[in-house]
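Could you have a look at this structure, given as structure tokens, before my questions?
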Amino acid sequence: MDLHELFLVTLVVEPVLEDHVTRDLLELGATGFTVMEARGRGTRGIRTGDIPGHNVRIETVVAKSVAERILTRVQEKWFEQYAVIAWAHPVKVVRGDKYVAGETQGEAEADEE
Amino acid sequence: MDLHELFLVTLVVEPVLEDHVTRDLLELGATGFTVMEARGRGTRGIRTGDIPGHNVRIETVVAKSVAERILTRVQEKWFEQYAVIAWAHPVKVVRGDKYVAGETQGEAEADEE
Amino acid sequence: MDLHELFLVTLVVEPVLEDHVTRDLLELGATGFTVMEARGRGTRGIRTGDIPGHNVRIETVVAKSVAERILTRVQEKWFEQYAVIAWAHPVKVVRGDKYVAGETQGEAEADEE
Amino acid sequence: MNESGALLDILRANLLSPIPLAFALGVAARLLKSEFSLPRDIYAGLGIYLLFALGLKGGVELGNAPLAAIVVPALVTLGLGVIRPLTSYGVLRSVGRMGVADSAGIAAHYGSVSAVTFIAALAFTDGVGLPAEGFMPTLLAILEVPGIAVALMIGAVKLGGDRPTGEVLHEVLTGRTLVLLGGGLLVGALSDPGAWEQVKPFYDGAIFKGALVLFLLEMGVVAGERLADLKETGAFLLVFGVVMAIAHGLLGAAVGTWAGLSPGGATVLASMAASASYIAAPPAVRMTIPEANPTLSLTAALAITFPFNIVAGIPLYLAFATWLAG
Amino acid sequence: MNESGALLDILRANLLSPIPLAFALGVAARLLKSEFSLPRDIYAGLGIYLLFALGLKGGVELGNAPLAAIVVPALVTLGLGVIRPLTSYGVLRSVGRMGVADSAGIAAHYGSVSAVTFIAALAFTDGVGLPAEGFMPTLLAILEVPGIAVALMIGAVKLGGDRPTGEVLHEVLTGRTLVLLGGGLLVGALSDPGAWEQVKPFYDGAIFKGALVLFLLEMGVVAGERLADLKETGAFLLVFGVVMAIAHGLLGAAVGTWAGLSPGGATVLASMAASASYIAAPPAVRMTIPEANPTLSLTAALAITFPFNIVAGIPLYLAFATWLAG
Amino acid sequence: MNESGALLDILRANLLSPIPLAFALGVAARLLKSEFSLPRDIYAGLGIYLLFALGLKGGVELGNAPLAAIVVPALVTLGLGVIRPLTSYGVLRSVGRMGVADSAGIAAHYGSVSAVTFIAALAFTDGVGLPAEGFMPTLLAILEVPGIAVALMIGAVKLGGDRPTGEVLHEVLTGRTLVLLGGGLLVGALSDPGAWEQVKPFYDGAIFKGALVLFLLEMGVVAGERLADLKETGAFLLVFGVVMAIAHGLLGAAVGTWAGLSPGGATVLASMAASASYIAAPPAVRMTIPEANPTLSLTAALAITFPFNIVAGIPLYLAFATWLAG
């Protein structure tokens, strides 16, 4: 089997950010993403639409360096003024070489399992 | 960047439990949570609504001790009589200090990356 | 508390595959799964329905050996011709012994926490 | 012979109409393993529309009706709400030899009411030219809660433990059904007749009945899904779901006639009394009597009693009510 | 006395109709902590239907109307679109002593328009026998964007920084409201009268008004949800939401009458002018003035100005427009 | 000249009606990069309503029609179902020089049928005063499956391998379209005329056509989304999508007239024959011929053939059918 170790970055953001954040992801080196509708509660309770707590949950499988860039971007550009939470952790990915682009090509460590 | 190591606890529960479980989460020290609609199949196949297998999936980012308390609560209060599955794993969280409250304040280990 | 270390396998697949993939999961030893509606973008951009990027996200908590069999099956049977992404990582599961069936019974390592 | 001939005619008129046929189509689709089903939100939206329309129309009529005409039927309905969970519980315990938790859980379902059965009865009596009193939706609102309350009390007393019964009853009282039905009654009663006329065709007549047909199509799918569970729930529950419906239905027709309702009205009250809840009761029971197996109560209410009433029960109650009146 | 008697009659006629009553029911359900709410997709679908119906009907009328009759009302409407964000901003800054970001954010909401308020005004003037001109939906389309644009400009100029204002205005211009309203106007204007007649009953009359009642039920729930925020947003915003509505409403009635609109038309223009956006403005402001607190603007638009207009504002503007005309 | 004048009149009458105009609006919204789209569940719900209404109405008519009148048109339709995937496959392979998988995949789409094209043809012939036979929905049900079956067989035979063709055909046979259409036919045929009259206005006339307009608005958005793929799919497929439609359409009109259908009926059969499936065929092809590129078939069916038929094809087939009959 063809497993690679990459990072899964998950972001829960207010809906108005969806397009802006996913554009950032691709710009920073992600090759794709998956989005789901969500709702939630946090400490800031920013009420940004007619459905309080409506959010989108975005996840992207990326190389470690891309994950770091995404998290930095989130913190610097979005975290202060918008309802955002973001986390990351390592995962083993089937044919993970498919999800690393350009300079990060070498980063998808093949797994010996 | 401001990363902290915390735990992501995920619970998939039958819809009728949503309010009760999220109240428990906040009581046990979670500062927020994210909820999504889900459906599924398990071994118990408890049919609790007109849409069989309709569930909600709740996730919360918390300090390790809070995660332990949540999982204990799930096992003791909900697991026996309701359709519930719960798991947890460590994640790196942007500005993770925001998600630890009260006594667990010191627990969000800053990351040196 | 009764925690066991198992693996969470996540698959994002085009909707038409849902029944086929979940049948595979159960056949390979999973005891259950949770499904959510999703949408997304990848590199192949296979447009398979009237709603482009409509996907389902399936997750299943399984023993390590079952996770490996699932990922192998995905790579060999589905990955080439369908829009699919799959990843896995270890998680601690409440009463995890419930999610290991048959021969893998011994695999759910009890946690001493 | 004349009477049984009349009953057969009524049965036939009921069966050969889109409401039970659409329900049967939904069941058949499920049995043929079709993946067809109405989107969840459409199903919910149709249900909301039907309940709200019912409330509005009932409210408009309530504004016109003399209060005195309603008092006795209302009290009788309340009585049915208290008695039905008790008879159900008694039969389940003594004849069915079921445990306390399962008996109380099922009794909560048979103590409350199925709004769709009510609506189908309304459409049916209307269709055969014996329309029910306009204030019937008020009786529906009255019958929703007491039966659930009584059954949960039984559960709380007999099983002990720390149960959120009060909180859960608040949820039932502010649930979708009562907000739409009770709220609709208020809106309808307060609205000027002229203003009501401007929206009436949307909430009445062909649009209401057409939406009901679509709703029953999906209810057929949902009930069909449950049919597989019949094997598991056993023969007693099958008999219980039919016999209890007939017993409560005949009782409802009798006390309704006694309370002065027309044959149409008595038939609708009978159909309510014969029905079992599958919306308000299940979550309430789940949170307060988790020991009860929800498959039992939901299968009985949805896959046995509901189809029985739609297909045969309602015409039967009408025949009985007409006989009583005649 | 005669006049205030007339106003009271109008107020009563408005209050005792399903539209404000359904809204009140939604608010009440929320305050009683009911979990009732329309499914998200049904709510969105009803909104789409209402806007598209509005556009279609306006387009058909537009095809019939002499262009000359529309030019002056259109220019007047555009003027209202430019002036209203400026008055709002001025009052918020100088009287309310609010910061630039919050003032510009709220001004964008009060510079745009609430389509549901417009529709309620249309239904109301229609109901009291003073129908507005058929081309009013065109004016609604004209009033949607300029106010948002003006307010975002203020924000961009005063706050500096790198803001995606152009991109966001494109989103407003191609947003749901303008696609359905503007597009509906085109479809309606181009359609053959015969072809339109075949679909008209679906988009007009009782179905349109009945769907509006259902929509307002959910708007009540949404607004009721916001009521809790009133504590946080303070007394000034409460007064602002009412006084600004009255001021813009009376101004709208006056310039509408001056521009030659009938009392019904002037009332509808007034109601537009008095309303505040809660669909187009919020995301536009969020992306370009993130420093602004969205709770302030949404609470003002949804929980103060919208209910005020639905309950008391629209009848008030009608009384004023009738007085001006008489 | 007289005839081409008549064709132009028909074309104009078709174009200036809400159905194609709403479709065009949806396409335009997409091209302007608007984010507007109907919620997924509303779109699905409207589709379900339209198919079920179609079935019901067809069933009521079927109950009235002499069986003999239907036999020949039904056999002719079955013949079209077998021939169309073969002609499509042949043209794609020999003229288009496409591979076996893609050819079989596209042929499955052009072998089945688009219900919305059928409905638009029904509404159109109705609108110009040449209504089709009431039993046409039965023919629609007959045309849905055989074409898919034939094309999947070609794929299975030519490509070999282990394909779940039988299982997938079961899915097509129990899919949404056939449950609603076939089931609706049964419900309609079995219903008492009196009971049907009570719900008919909900499933017929302005409500049916109005819902169709809304559905086409979203179909425009969906098709507009695909237009970008035209670049990728190339000029051959563009020509194929139009020429195949015309060829199958004229064939359908000819055999329909031969089978005794009225000009309206022949036009509707022609429109069916000219259409391509985008609901039943795609998942069936995806699971059995995964080697086929779904972008090709979906773009051809949705972004080429469907709009062509809605805008120009249906009037063309009507002109031809009228000419044949005259």
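Here are a few things to note about the model shown:
So that you can tell them apart, the chains are marked A, B, C, D, E and F in the order they are listed, and the count of residues begins at 1 in each.
What we mean here is this: contacts are C-beta pairs under 8 Å (C-beta built on N, C-alpha and C of every residue); 3 or more make two chains touch, one makes a residue touch a chain.
For clarity, every value in this text was computed on a predicted model and none was experimentally measured.
Shared contact partners of chain D and chain E, listed by label: F. Shared contact partners of chain C and chain F are absent; no chain touches both.
Most remote chain with respect to chain C, judged by CA-atom centres, is E. Across the two interfaces under comparison, A-E and A-B, the one joined by more C-beta contacts turns out to be A-B. Centroid distances built from C-alpha atoms place A farthest away from chain D.
Two copies of one sequence, chain B and chain C, touch each other mainly through non-matching residues, since under half of the numbers at the interface are common to both. Centroid to centroid, with C-alpha atoms defining each point, chain D and chain F lie 41 Å apart.
One inter-chain figure worth recording: chain A and chain C are separated by 20 Å, centre to centre, where each centre is the mean of the chain's CA atoms. Among all residues of chain F, those that touch two or more other chains are 39-42, 45, 207.
Each of residues 36-37, 89 in chain A touches at least two other chains. Of all possible chain pairs, those that touch are A-B, A-C, A-E, B-C, B-D, C-F, D-E, D-F, E-F. Those residues of chain A that touch chain B in the shared complex are 10, 12, 36-43, 55, 57, 68, 71-72, 74-75, 79, 84-89.
If you check the complex, the residues on chain D that touch chain B are 40, 222, 225-226, 229, 278-279, 282-283, 286-287, 290-291, 294-295, 298, 302. In the complex of the two chains, the chain D residues touching chain F come out as 13, 16-18, 21-22, 25, 28-29, 32-36, 38-42, 45, 123, 127, 205-207, 209-211, 213-214, 217. For chain D in complex with chain E, the touching residues are 39-42, 44-45, 48-49, 52, 56, 170-171, 174-176, 179-180, 183-184, 186-188, 190-192, 194-196, 198-203, 207. Residue ranges on chain A touching chain C, taken from their complex, read 1-3, 6, 8, 22, 31-37, 61, 89-95, 98-99, 113.
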